[in-house]
Each structure stands twice: as structure tokens, then as C-alpha cells.
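Written out below as C-alpha cells is the structure these notes cover.
Chain IDs A, B, C, D, E, F, G and H follow the sequence of writing; residue 1 opens each chain.
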Amino acid sequence: MSHEIRDILQQLRAGELSLDEAERALKTKPFDDLGFAKVDLHRKTRQGVSEVIYGEGKTAEQIVRIVEAMQQAGQPDVLITRLSREKAQLVSAVCDLEYSEMARIGIIGKRPEPDGCGRILIATAGTSDMPVAEEAALTAEMLGNQVVRAYDMGVAGLHRTLAHMDDVMDANVIITVAGMEGALASLIGGLADCPVIAVPTSVGYGASFGGVAALLAMLNSCASGVAVVNIDNGFGAAFMASRINHMGVKNAS
Amino acid sequence: MSHEIRDILQQLRAGELSLDEAERALKTKPFDDLGFAKVDLHRKTRQGVSEVIYGEGKTAEQIVRIVEAMQQAGQPDVLITRLSREKAQLVSAVCDLEYSEMARIGIIGKRPEPDGCGRILIATAGTSDMPVAEEAALTAEMLGNQVVRAYDMGVAGLHRTLAHMDDVMDANVIITVAGMEGALASLIGGLADCPVIAVPTSVGYGASFGGVAALLAMLNSCASGVAVVNIDNGFGAAFMASRINHMGVKNAS
Amino acid sequence: MSHEIRDILQQLRAGELSLDEAERALKTKPFDDLGFAKVDLHRKTRQGVSEVIYGEGKTAEQIVRIVEAMQQAGQPDVLITRLSREKAQLVSAVCDLEYSEMARIGIIGKRPEPDGCGRILIATAGTSDMPVAEEAALTAEMLGNQVVRAYDMGVAGLHRTLAHMDDVMDANVIITVAGMEGALASLIGGLADCPVIAVPTSVGYGASFGGVAALLAMLNSCASGVAVVNIDNGFGAAFMASRINHMGVKNAS
Amino acid sequence: MSHEIRDILQQLRAGELSLDEAERALKTKPFDDLGFAKVDLHRKTRQGVSEVIYGEGKTAEQIVRIVEAMQQAGQPDVLITRLSREKAQLVSAVCDLEYSEMARIGIIGKRPEPDGCGRILIATAGTSDMPVAEEAALTAEMLGNQVVRAYDMGVAGLHRTLAHMDDVMDANVIITVAGMEGALASLIGGLADCPVIAVPTSVGYGASFGGVAALLAMLNSCASGVAVVNIDNGFGAAFMASRINHMGVKNAS
Amino acid sequence: MSHEIRDILQQLRAGELSLDEAERALKTKPFDDLGFAKVDLHRKTRQGVSEVIYGEGKTAEQIVRIVEAMQQAGQPDVLITRLSREKAQLVSAVCDLEYSEMARIGIIGKRPEPDGCGRILIATAGTSDMPVAEEAALTAEMLGNQVVRAYDMGVAGLHRTLAHMDDVMDANVIITVAGMEGALASLIGGLADCPVIAVPTSVGYGASFGGVAALLAMLNSCASGVAVVNIDNGFGAAFMASRINHMGVKNAS
Amino acid sequence: MSHEIRDILQQLRAGELSLDEAERALKTKPFDDLGFAKVDLHRKTRQGVSEVIYGEGKTAEQIVRIVEAMQQAGQPDVLITRLSREKAQLVSAVCDLEYSEMARIGIIGKRPEPDGCGRILIATAGTSDMPVAEEAALTAEMLGNQVVRAYDMGVAGLHRTLAHMDDVMDANVIITVAGMEGALASLIGGLADCPVIAVPTSVGYGASFGGVAALLAMLNSCASGVAVVNIDNGFGAAFMASRINHMGVKNAS
Amino acid sequence: MSHEIRDILQQLRAGELSLDEAERALKTKPFDDLGFAKVDLHRKTRQGVSEVIYGEGKTAEQIVRIVEAMQQAGQPDVLITRLSREKAQLVSAVCDLEYSEMARIGIIGKRPEPDGCGRILIATAGTSDMPVAEEAALTAEMLGNQVVRAYDMGVAGLHRTLAHMDDVMDANVIITVAGMEGALASLIGGLADCPVIAVPTSVGYGASFGGVAALLAMLNSCASGVAVVNIDNGFGAAFMASRINHMGVKNAS
Amino acid sequence: MSHEIRDILQQLRAGELSLDEAERALKTKPFDDLGFAKVDLHRKTRQGVSEVIYGEGKTAEQIVRIVEAMQQAGQPDVLITRLSREKAQLVSAVCDLEYSEMARIGIIGKRPEPDGCGRILIATAGTSDMPVAEEAALTAEMLGNQVVRAYDMGVAGLHRTLAHMDDVMDANVIITVAGMEGALASLIGGLADCPVIAVPTSVGYGASFGGVAALLAMLNSCASGVAVVNIDNGFGAAFMASRINHMGVKNAS
């Protein structure tokens, strides 16, 4: 990390840089010296995707322009989240876009081979939670993870939960996606021995308050080893799970 | 119910009552005529306890005075809820009081024989929920019910829950008592085939918000056949459960 | 319940099953052994309807497919809740559907004969609460209950409430449906001597906060014997009421 | 009201005031000219009490000093609200104080004769609401009103409510004081034909949220002719009720 | 009130009624005896309008049917609140309707002559509060009150407030209508010496939370003599104000 | 700011620093290069106080140790906020402490001469807001500002507000401190033509919700030129006001 | 300010005004005497814009009428905020309107020359916050300020924030605009040595609760020198910032 | 896992178990068969601590009894969280307890050697967050992790944050602990390339609402790779972090 500083100093001493040039060099890229860039390099190397575009609140034109800029910068693979059907159609006219309406995700380029340590299990309480779960699943796949889907594990039907006992035991990381009372996180958190990321969803009505009931339940889970992301934040859960799932790789390397 | 009206009318026609006396009789006890009293009579007959005193916000002196008034009215058995240790000691000096500090309940007189249809199972998620559960248990017993206690059924330890499978299956009514994420209600609600009364408790910290997290979870339970009472309201849950548990008796009679 | 285990063991000892076959049998259906299935069998037998589909968030196509699967499994009678007019029309094209727009309920097959112990009274505060009340009423009828409707019992007009005194006294279970300040639950709770299920509705404006005012009022009811379900959850109230109304039957059998 | 301006102007024109003196006179008491004082004069004349001290957050010394200042200004009768027992004892050592611990009110001087149009009925749902009700009652009496107390009108026991039917019908203004679900306001609001002031109290626990449940219920009352004051604000309700109760007097005069 | 009871009893004794007829008579109209009807009679006599229809959540057809029923019952003058433009057009096709789109109020029949004691001042903070204010104004006029409108009294521009000083001083009752921070209620409450009804409105954005900010401000007003109704409840404020404004009349009579 | 970098580079080129020494110099104080220190230097120079200790949650010992470290670093003047009486006594035993119990502020060293552009007016709605106001006042004085106190400007008594009209007009910055409905901020915001900092206080009860009512009112103020700090944050308001009050000085220099 | 009073008095003494005329003059414009007008005069002189129209809730017709009234009153330059595209088109047909759809701002007349002391930096966390930032930017420019825009300073990408270090250091006032977690305010508040106005935006989803998360974060900022305005209130932030930015001018003059 | 089933079956076939004995064996320990025990075994093996006791709401006697039961079961090392000083003293009298008052943690037995993959960095915003951070640190150490503490990384003082850049880059997992506005999570989340667990604390006042402001900020973090636990839940964060930190170990094995 400090090579650049030393390089500049050596070049200065060697007369290859003037005093002005050396000062400017130290000032114009000060943050490289501090290791910020390291983050991005690591990310690119390890996670198989260069960049994510949050599509909400961006026009199709803005999205296309960002994609083009990325591709000119040599990053052909892009993940676009919260992409409406309408915008997807507009983007498709210009780029080669693979689109999942349920997940509201667009993918440009190819999906990477899984390079994580193990499998990420994505479990939902009911079928209504599937859009959020698919946002998580596609994100996790684009980040180089093998994903197992279990999309109707219920709580009120315990036998359905237990039928997935093997998936729970075999997972390296689990993402639980649930609205209403969000009890699935506690149930799986009590069964699993791997990290569990809980995603409350806005599925429900009345006193679910748009996902608040599930959010509170997950934050108060009596099961240890559960951490929570924002309501409906499938992307965030997958990003976190992918980081965890690449730990062994990082540690092994 | 209408016998009294008819009696008065007959006595009037027979000249046994003057017009003034008849009118006064109809006006001084108008509510008997309307059937309100029926409620109290039924209650006394069927539920084995005459009256409940809510001890919170009453002084020991006030409580003693109410008890004495009841006893003079021929009601020797009294249940006092939310009774602090200090007040209990003051009441004990005057009445023959059986006191449970955990449940904050005082009992005067004798407990009735169970006369309900079946058993009421009272299940808690953890040991911290026991005070609310005991309030429910003692209340249910005083109202003439057979009570089964299962006070650490957890959720994070599913095997503990399932170890009580028989109790769940055998119960006529179930009261689930849980704080934190309140998932026990959904779990038991999904297993049981009898009515489930859910009591959120204020057990927890941080985002449990004094029981709100559990309350919301229970209201949003994806399990059908679950209804909810106020936070920490063990008494209310037991009263409701007792009414349900005496349904068969009422219907049979 | 344990017959299957014993059967397997006997067949093993008799040489009718190999060791591998016996082990697989015990592992592939382990939950039957635990009695989970019992729930479903009981439900089917006693409640007169096999299955309920929650229509919200499901496409008409998904609903039709579930209905077909049920019918192939020998369950001709299906209740579909939260079914919009549009979806109902699509489903009608394929199945023989009876649809109530007010209740947003679709019924396939025939309504069962009432087999509960008594009557379920469904009382609303005002006419605006009728959609939720009808969801409860049709659900209760499909679950085999006799339903009495009292859809404008008010509170501000006490004489309207009292005019239904007989219905209140004769009911086996009461469902009170009210928005705004939700006082009807307390009023009826104080008059009735049977279990009362309170359903807050989102009827109101301003500080009713989409049903929160009514929900809180019902949870804090000073009347004993009242339990609460989620805002606008007419189905849940009816399911709970039906369980209670079939108690005597269960107990009698 | 405008006499002073005119007086000054006349004195100026008559040469009794210099230009400087007239200008200063108009500037030093400008607000008298605007009629602000009118309020205080009216208040003093009509309501029988000169001033109220809000005792909360004031030391006993501060209270004594304010009382002395008032008495020197010729106002012997003072009402002190939210006065703790401790402060009351300290104030008693210096002034001649009549103290109600329940109402947390201290009175210096004599209570005025009632000079309002009619009676103010103060109704509570339960005995726990009495402190707030007494704050209202003593305030109303000090403001010159005849007060009728009905302190256990319940809701869950409708016959208790109806037993006070005459008081409700005879009142000129009604103050309903209730915690928990606050349904008393709607019940009385539906029966009465006079203005009803509703005071939510912090009586309750759990989901009463310190009076919020009652507050919301009262704001959403389906009964017309009900307006609400802050939680536990017995003083404010009585002040408002007294203003209304003196309307006829004002209008008659 | 008790004449009917006596009449029935006399007729019974005279043999004009059979025992059965007398009993039924006493049971079928029991509430008349209790004085409930008195309310409606008073209301009709004193307030100049027989009935109000809350249009929200009712179809145009339902509204028309209610109006026709009223007119057949001899009540030609009807006030319909929360009536959308669309419904108003449908109702207009059948009845002779006067419609205010801003107030969302429809009036059938003629407006009564003012018969209250004095004037009701309706003051708003800004022009955006006018719809709620007009709902209050038209309601108050239909209830027989003289109304003074002051629809831009502001707070941030104190001179505008003070410019209406005379209106404030001359009013018998004041309705303050304000969204955002709702400070107008405190400002006017501090100036006026008559009862003030405060109506928070949902005018505002962000942390106004749909009127909650104004509601809380009004409930916490440091000015005495202010009571509050629900957010946007112009009708309720006017109804309350009208009751107060007719006090003197009632008292005088 | 960049002098140090250049100095190091020149020393390196001149052979006064070795390569290692230069690199270490650039790395050990990298943030000086980025201008972070500039902040602290400016602050010290301009605002007359070196450092503030937030006393809440620190023990008296910790506070003393921080003070000693400051004094050894040549900073004799220290402001300690949220300092309880108990801790103040312990600190007094070691340091020369000037303590205000009302403001819960301790001052070590001498108060600076005012060097701001003008006066900061600190206005409160009532006397109960004085502790927060004094925290602001002492902080502002320690930061080199001339402070004018107006501690009972009310809203309900408009004449009191207007009596301070000159102070409002003469102020360079105004801090309004108010609990309950917080209307003072709007009132003064509408009168003043200088920046207004609003501090909601937790003064009040019931629906003031610990200052939330005042906070919301201030955020929604219809007066322009008002910005808000946290509930009871007198220090923060004074710090902000001092920055503004030193703007002219900064700009002039 | 007091000239008018003196003038009137002199005219009275000189016989140019009758007693009646003098009294009426003093009463009809009393508020001019109190200095209220001073505010408007100062504002006009110093801030380069006469009036602002809040477009929300006003029809295009109303806006046009207000603009015409202003122009007739000699105020050609008008700023219209919260102006929808539709209304803008209607207004454009009548007035010469410059419209920014992003900022939802319309400008009539010419933008003033900057006359503030320094620059106002407007920083956003992300591109989605731009509409609110542009409302602030255009407002600040119309109020006579030089504006620097930095519209993607992030927090998660610290190097982007630090890349704007010079802008932060050079600003006279900073407006930080951020939704989601609102951390930008704390980050910049810790770096800057000038006043910081924080504007929470409703950008985000789930537990951002329409800007509440950002609002709370900003109110709780551990950085001193930060004050907050309402969610999405770009106008208010700019107005406050402009007042501050003109302090030096005011003080210098 | 399935060995036991097979063993029982073999014993049955071999005649070593009767049919009754085999059935009972399968029924009395059914959950071992289902793999639940696997969880506990894994946990014991990998995480170096057998059991954790949540001390809140348990008496010292209850804690001692649980510890003794554990030790008799061969588990000498126990972690007790939320243990007050008083209870710790009572437990110390019986067991050999190492107690940290700041962390409110008691440790019985020896701390394990670190066996995780890397280091867990625990970063706080300020010193007031230390109790929660220490709960996390001691827990993480007891679970076999190497912990790095950075307890005053601030946000308002960015240079302090950046001074820990190396710790951030070297960590395998990071726990950020912050109250008030909770911005530290976003700041570190943007810098780090490892999983970040965010713990909101109840440090703060006013609108921090006991940690809600920090909680919301963390849930809405614009930095990816951040997940959140309950307010003040240092234990939960450490447990989650430990699971992640042992991933490589698990995966490697």
C-alpha cells in the first residue's frame, strides 16, 4: 500500500519528479495511500461482479449510460436491482439484458461460476415472500454463490419446515425471508449451526405495518446467530451472505 | 328473565300492587328486566368464583374493604390480581390470604374443583415469562379449570417444544405466553387444533419495546386459530380460556 | 398415531421389510410419527372445509392451479379469501365459483351444514365495517357454523345495541367488528357471557391510523372475555370462533 | 378598551402631556390598547379565580413567592395544580393551604359560589381514574361551577352507566375521564345532548401505552359532540367545561 | 318519560291490555322508558337539522336510499359529509342537492336560520386548510349557527392574526383549523376568552405525519380552554361548537 | 495546509530526511495533510474554548483525567455538560470548578470575552424550560458570545412575547427553547429576521411524549428560517448559534 | 418605527387630525407601530426576492392570480416551490416561467446577483437526493447566494466524500441532503467548521419510514454545529442557509 | 445420526429388544433421530464454550443451580451475561467467578484459546458505547476468537476513524457498536471488505428514543455487507461474528 508514497519519494530524490510534481502526486491521489482502493480491488477479485446498479429512482437512460461507462471501463457483467418491467424493456433495447420480473433484477453479461465455500440456503415462510427471496437468490448467484431455494417452509406447518432439515444442516449461510410475524428466522435460527441473515418483508396487512412486525420479531429473535437487514432488502442479505460464504476462500488463500 | 315483569303485572292486575308500587318496581330495578343480571347469575353459577379485584392502583385498605363487602354479600372466594408483596402483607393481617409473589395474585377462600370440559395448557417461551404465566394459571384454576404448565417450550430449541407435543394435542384450550419475538404463538398455533390465546409479555429489551414486538408478531400470526390479549395480561387470557373451556358444559346443560 | 412405527417394526421383525427399508420408512415420514398429520385429519373431519386459499398476492392462474390440485386430491370444497373482482372473474372462467364482492370471498363447492354447538353472532359498529364482517360470516358458514348478523349495533346509539340484547344473550361466540374507536368490543364484552373475538377494522380517518386506534382499544378492553385478531382479519376471527363453537362437539364426542 | 388611547390623545391635545410623554405612554403599554388585557379582566370577573399555578417543575419556594406576589396584587384565591405532597407541606408552612393528595391540588383562599349555568358531570370509567377526575372536579369548583361526581360508570358493566342516566341528562357539560380503552367517552357521547369533554388517563398497562389507547379512542369517537384534551389533563378539561358552563351567563349578560 | 309505563299499567289494570300485550309493550320499547329518545327529540328541536349522513364508504345508491327514507319520515333537510364529486353528481340526478366541492358537503333542503347564542369564528392557519374549515363552516350553518370565516390567520405572520383580533373577541365559540405545526390553536387560545375547538389537518409533508404533528401540538397547548377533535374532522368540530353555541338558548329556555 | 508535505519533500531532497524518515513522516500524520487539523485550529482560534466534555455516562474520575490531560496539553478552559451535582462535587475536589446545577454545566478556567458579531437571544416558553436554556446560555458564553435571556415569553400570553419585541429585533441569532406544543419557535420565527435555532424540550406530560410533540411542531414550523436540534440539546443549539454568530467575524477577517 | 405614532400625535396637536381620526389611525394600523413591518422591509432589502409561493395545494389559477397581484405591487421576481409539471405548463401560458422539473420549482423574473458573504455548499449522499438538493440550490440562488453543488458524496464510498474536502473547507454554510441512514450530516458536520443545515429526504424504503430514519440520525448527530429541517424541505434549508450567509453582510453594514 | 435408529432396529431383529422396547426407544428420544442434537454437538466442538446463561430476570440462586447442573454434566466453562454486580457477588460466594462490571459478564472456568480464522474488530463510536462493546468482546473471546478493540473511532472526528484503517482492513469480521445517529456502521461498512455486524446502543437522549435512531440508521445503511442485531445486544453480535469467524475452520475441516 505504501509503495506509491515511497515511489514518489524515490522519484523526487532521484530528480525524476520535481517538487511540484511530487506534491501534486501526493495530494491528488491521497486516498490510494490510505488503502481505500484496496477495498475495490479485493471486491472485484473475489466476488465475481464488478458493480451493482440500484435501479430505483434512476431513469432507463441513466441506467444505460452507467452500463456503457462500466463496459468502457472493462466491466462487462452488471447487476441491476429494483428494475421495473418498463425500464427493463427500455434497457433491453440497448443492452443484452436478462430480466426477472419477480425479482425485479436485470443482469447484463454472464453469471459467474460459484466460487464460495458452500451453499446459501434461501428460505421463505410463504409464496408471497418470493420476490424478495428471488432478489436475494439472483444477487447471490451473480456474486458467485451456489444457491438452494426453499420457498414455502412455513411456521404454521411445522412439517414443511422440518422437511427441509437437510438443507438447513448442509447450508454454509442461510437467508430467511418472511413477512407477517417473521417467526421463520427464530425457528431456523434455532435449528441451524451456521450464520443466519433474516430479511423481513412487507408481506402482510393491518398490524404488520409494512414489515415492521417481522422486523421487530427478527431483531428480538431468541435464537443466537441471527442478524437482520432492512425490510424487503433481498440484495443486502445476499451481499452479506456472499461475504460470509467467501470467508473460507479468503482465509484459505 | 321476564318473569319479574310478568309477576309485577300480575300482582298489579290482582290488586296486590298499587299503580304507584308497580311503576316504582319497574323503575327501580329496570336493568334486571333487561337481562343484565343474567350475566352475573350465569357467571356465578358456572365459573366458581364470584368476583375479581384488580389490585393495581388500589390501597390495601380499599382492597380489604371490598373483600369485606363481598363476604357480607355471601361471596367467600375472591381472586386479587396485580397485588404487590407489600399490599399482600397488609391484607394478610386482616384476611386469610394465600399469596403467590411470582404471579402477584392473592386468593381468599378455597379453590374450586375443576368443572371445565378439558385441560388448559399454559406454555411459555422461557422462564422469564413465568410471572405472567402463573397469573394465568392461578386465575384459570380459580375459575374452575384443570391447568397443565409447560414453562420453557422455547422456539430456538425446537426439541423442547416438540417434547410437549402430547400436552398440545390433549389440551382443550392453550395459552401461549411469550415476550421477545413471540414466535411461540405461531409455532403452537400451527401444531394445535384447539383455540389458542396468545399473551405477549414485556420480557425483552431494546427493540422489544416493552412487549410490542411480541404483540405484533402474535397479531400477525400466520397460524389460524390464534387470538391475542394485552401485553402481560395473564388474567385476561385465563378468563377467556376459561369461558371457552366451559363451553361444552354450557352447551351440554 | 404410533401404529405406523409399530407396523414397521413388526414388518421388520417378520422379515417383510429389510433393515434398509425399515430405516428409510422411519426417516422419510418421521413427522407422521409425531402426530402432525393428526391436526389435518381432525380439521378435515370436524370443520367441514378442507383448505383455505389466501388470494392476496397470488395470480388467478396460481389460484386455479391450487384449486385443481385440491380437487384431484379429493377436496371439492374450497374457500378463497382476499379475492379481487378481477381475479374472481378469471377463476370463474375455469371453476364454478360463488363470489361475494363485499367480502372478497370466493367459494367453490357447497356450503356445509352447520355442525357447531350454537350460533356465532357477528356484530358491527357501522355499515362501513360490513366487508370485514362478511368475510367473517362467510368463513364461519363455510366452517360449519350458524351465523347471526347484526351489522349496525353502534355505540353512539345505545338503543341500537340494546335492541340486539337477545342475539347477544343467545350467542355461543360473538365476533365484534369495529373501526374508529372500537368501543363496541367493550360494550358487548360487558354484556355477553360467551367468548368475544374482536376484529379492529381500518374504517376511519386521521388518528384512527388505519385501525390502530380500534386495535389498541380492543386490546385494552376493560371487559373480560375479549381476545383480538389482526386489523381487518375477518377470516381469522371466524376461524377462531369456529374452533370455539365446535368445542362442545369435540368434547361431547 | 380604547379609552386609554383617547385619554392620552385628549391629554396631548389639551397640552397636559408633551409629545414625548404621549408617545412614551402609547409605547410602554401598547398591549392594553390591543385588548389583550380584556381577556384577563373578563376572566377575573366571570370565573371567580384569579390565577392558577402549575406546580410541576416548580420548587416549593418558587410557588410561595408567586403566591405572595399574587396576594400583594390583591388576589387572595389561588389554585395550585400538580402539587406533590412534599411541596404541599412546605407551602403549608407559609400559606393557609387546603390540599387534596388524590387530586394533587392545593387551594389558597376560599372556594367561590357556583355561578355557572348548570351542572358539570364528571364521570370516570373506574376508580383508578379518580385522581384525574378530582383534579377536574376541584378545578371546576374553584372556577365557580356546581359539580356532580359519578366515579365508577364503567362500560363493561352497562347497568352502572345507565344508573347515572339522569345525571347525564341533567348535566350542562360532561367531563368523561377514562384510561384503558376509553370507551366511556363514546358511550356517554352517544347518550348526552350536551358538550362532552373527554380526558384520556394513563391508567392501564401494556398496549395502553400510557394513555395513548384511550386518547386515540376518544379522538375517533363515533359519537358527535365530543372533544378531547391531553392525557391526564383534568385541569384543562375543567377549564374548558367551565368556559362552556359560563356561556349562558355571558350570553345572558 | 315514565308516562308510557304508567299508561301501560293503567291500561292493563283497566283490562284494555292483556297480560301478554302489556309485557310485550314493556319489552319492545324498553329504551324509551330510559330516556334515550329524549336525546333525539332535543336534537331535532334545538339544532335545526334532523340527520347527518357520513358519505365516505357509502355508495351513491345507498345515500339516495337513506335520503328518501328520511324524507318519507318527514325530515326534508339533510347534510351529507365526505361526499365526493362523483357521488354528488349521482345523488344530484335524484335529489335537489346543493354541493360544495371544497367542503365535500352536500345539502338537501334549506339552511336553517341561525338560532345559536352568538357567532362561531372559524380560523385557519393557511389557505390549504380551507377544505376542512369549509366542512366545519357549512356544518355549523346547517346546525343553525352564524359563522364568521377567517381563513388565513397564519402564525408566521402575526400581524395577520392580530388583524382579526375583533373577530376573536366577538366570537362565542372559535374553531381553529391548522396543519403543519398547529400553533394557531395556542395563539388563539391565548387570546380568546371563549371555548376553542382545535382541528388538526393533514396539511403538510414529511414530519407532519399526516396531521400528527398538529394534533400533538394542539393536545399539548399551553393555552387553557382548548379541546381537540380528530385530524381533518371539520364536521365534529362544528357539531361540538354548535352544541356550545346553543347552550345559552337551552339554559335560557 | 500543504506546507508540511512540501517541507518534508524539500527536506528529503535536501538530504535532511532519509527516505524512511520521510515516508514515516507522511504516514504518521497523514491527516494533517488532508486538512482535518485545520478544523481544530480554526475552532481553537475563533471560539474561545478548546474542548467540551460530555459528562453523561462518564465517571467523575474519567472527567478529571480528561481535564488533566487537556491542561497538560495547554488548554486551561474546559466546558463540561450534563454534569450531575454528585459528579460536580467530586470534580470540584480536584479542579477549580464553577458549577451551575440548573444547567448541569461545569466550567473550568475563565469565561472568554464575547467576540461574536452580535447578541444571541435565548427565549423560553415557560420557566420549566430554563434548565435547557441555561445549558445553551452558559455554552454560548463559554464560546465567546454575548447572551440575552428572555425566559418566559409564552405563547398563550402573547403580550409577554411582544414585550420582548426589541430583543427579537436586535438579536443576531435566536435560540427558542420550548416543550409542550413548541409553538414559540413558529411565533418568533415569524417575527425575527435572523436565523432561529429551535430546541424542543421534554417539558410536558401525556401526549407531549417526552418532547416529541414540540420536536414535530418545530420541524413543521410554517415560519421560514428555523432549524431544529435534538430534544433538550441546549448545548447543540448554542454551538450552532455561536458558529453563526461568528460568521461575520470569519468573513470580515 | 415610531415615526408614525409621533406623526399622528403631531398632526393631532396641530389640528390636522381630529381626535376620532387620530384614534382610528392608531387602531387601524397598530401593528406597524410594533415593528412587524420592519421584518418585511429588511427581508426585501437584503434577500433579493420579495415573495415565495408554496405551490402544493394551490391550483394553477390561484398561483397565477397571486403572481399578478405581486407584479401589480411592484414585485416582478417570484419563486414558486412544489410546482408540478402540469401546473407549471398552465402557469407558463400566462407568465414567463422558468421551470425545473427536478426541483419542482418555477421562477418568474430574473435571478439576483449573489450578495451573500460566501458560498453555500449543497452536498447529497446519492443521486436520488437530487430533487431536494435542487430545490435548495435554486432557492438559495434566488435568495442571492453563490451555490456549489456536490451531488454524490456518499458515505459508503468515503473517498468520494474526501474528494470534496476543499469544497467543505471553503463553504460559508453547508446544506447536507441525505435519505436512508442520513450519515452524511454527521460526516460533514465532523469535517466542516461552518454551520451545517441537514435535510433528511424520503429516499429509501422499508425501515427508512419515509425519511424518519434520516431525520432521527440527523437530530442525534454526534457532530456539533448541525441543525435540521423537515424531511424533503430543501426550500427551508436554503432559506436558513441564506439567512446565515447574509449575516456578515448585515453585520458589516 | 441415524445410527441409533439402525441400532434399535438391529437389536429388535436380533431379539435383543422386544417390540414394546423398540417402539418406546424410538418414541422417547425421537428428536435425536431428527438431527436436532447434531446442532448442539457441533456447537460444543467448534465454539469452545458449552453454554451461555442469560442472567437478566434470573435470581443468583437460579444461576448457581444452573451452573452446578452444567458442571455435573461435565461442562466447566460457563458465560453469564447481563449479570448485575449484586448477583455476581452472590454467585462468587459459591463459584469461582471472573466478573466484568462494565460488560456485566461473569465467566466461570477458563477462556479458550482462539481457534477462529482471523480477528474480530470491535469498534465503538464513543466511550459510552463501551459496556455493550465489552459484552461483545468478552463473549467473542469466550467463543474462541481473537478480539481487537477500537473503542473511540468516532464519526465526527474522521481522523480517529481513519487512524484505525489497518485494523479495519485486517479484520475477518467487524462489530460496530454505536448509539446516537449510528453512522459508524455506514462509515466502516463502506471501508471494510469483510462482514460487518452493527449493534445499535441505547446511548443518547431525546430523539435517540433509546437506540431507535441508531437502529434505523443501521438498517438503512447505504453500505452493503452490514447486518444488524437488537439494541444493546453485544452478546448476539459476538455470537454471530464468532460463527462467521469459524466458517473457514468449518469449511477447511
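Keep in mind that, in the parts below, a contact is a pair of C-beta atoms (placed from the backbone, for glycine too) under 8 Å apart; a residue touches a chain by one contact, two chains touch by 3 or more.
Just so you know, these numbers come straight off a predicted model, no measurement behind them.
The chain pair B-D and the chain pair C-H differ in C-beta contact count, and the higher one is C-H. Centroids built from CA atoms put chain C at 24 Å from chain B.
Our note on geometry: chain B versus chain G, Cα centroid distance of 60 Å, whole angstroms.
With centres taken as mean Cα positions, chain E sits 39 Å from chain C. Contacts with at least two other chains are made by residues 30, 34, 36, 158, 162, 191, 206-208, 212, 215, 219-220, 224, 230-231 of chain F.
Pairs of chains meeting the touch criterion: A-B, A-C, A-F, A-G, A-H, B-C, B-D, B-E, B-H, C-D, C-E, C-H, D-E, D-F, D-G, E-F, E-G, F-G, F-H, G-H.
Across the complex, chain A is touched by residues 125-126, 154-158, 180-183, 185-187, 189-191, 204, 206-209, 212-214, 216-224 of chain B.
Contact residues of chain D toward chain G in the complex are 2, 5-6, 9-10, 12-13, 19, 22-23, 26-27, 30, 33-34.
For chain B in complex with chain D, the residues that touch the partner chain are 30-31, 34, 36, 56-58, 62, 200, 202, 210-212, 215, 230-233. Interface residues of chain C, counted against chain E in their complex, comprise 127-128, 158-159, 162-163, 203, 205-208.
For chain H in complex with chain A, the residues that touch the partner chain are 34-36, 38-39, 42-43, 52, 117-118, 162, 165-166, 169, 172, 191-195, 197, 215, 219-220, 224-231, 235-237, 239-240, 243-245, 247-248, 250-252.
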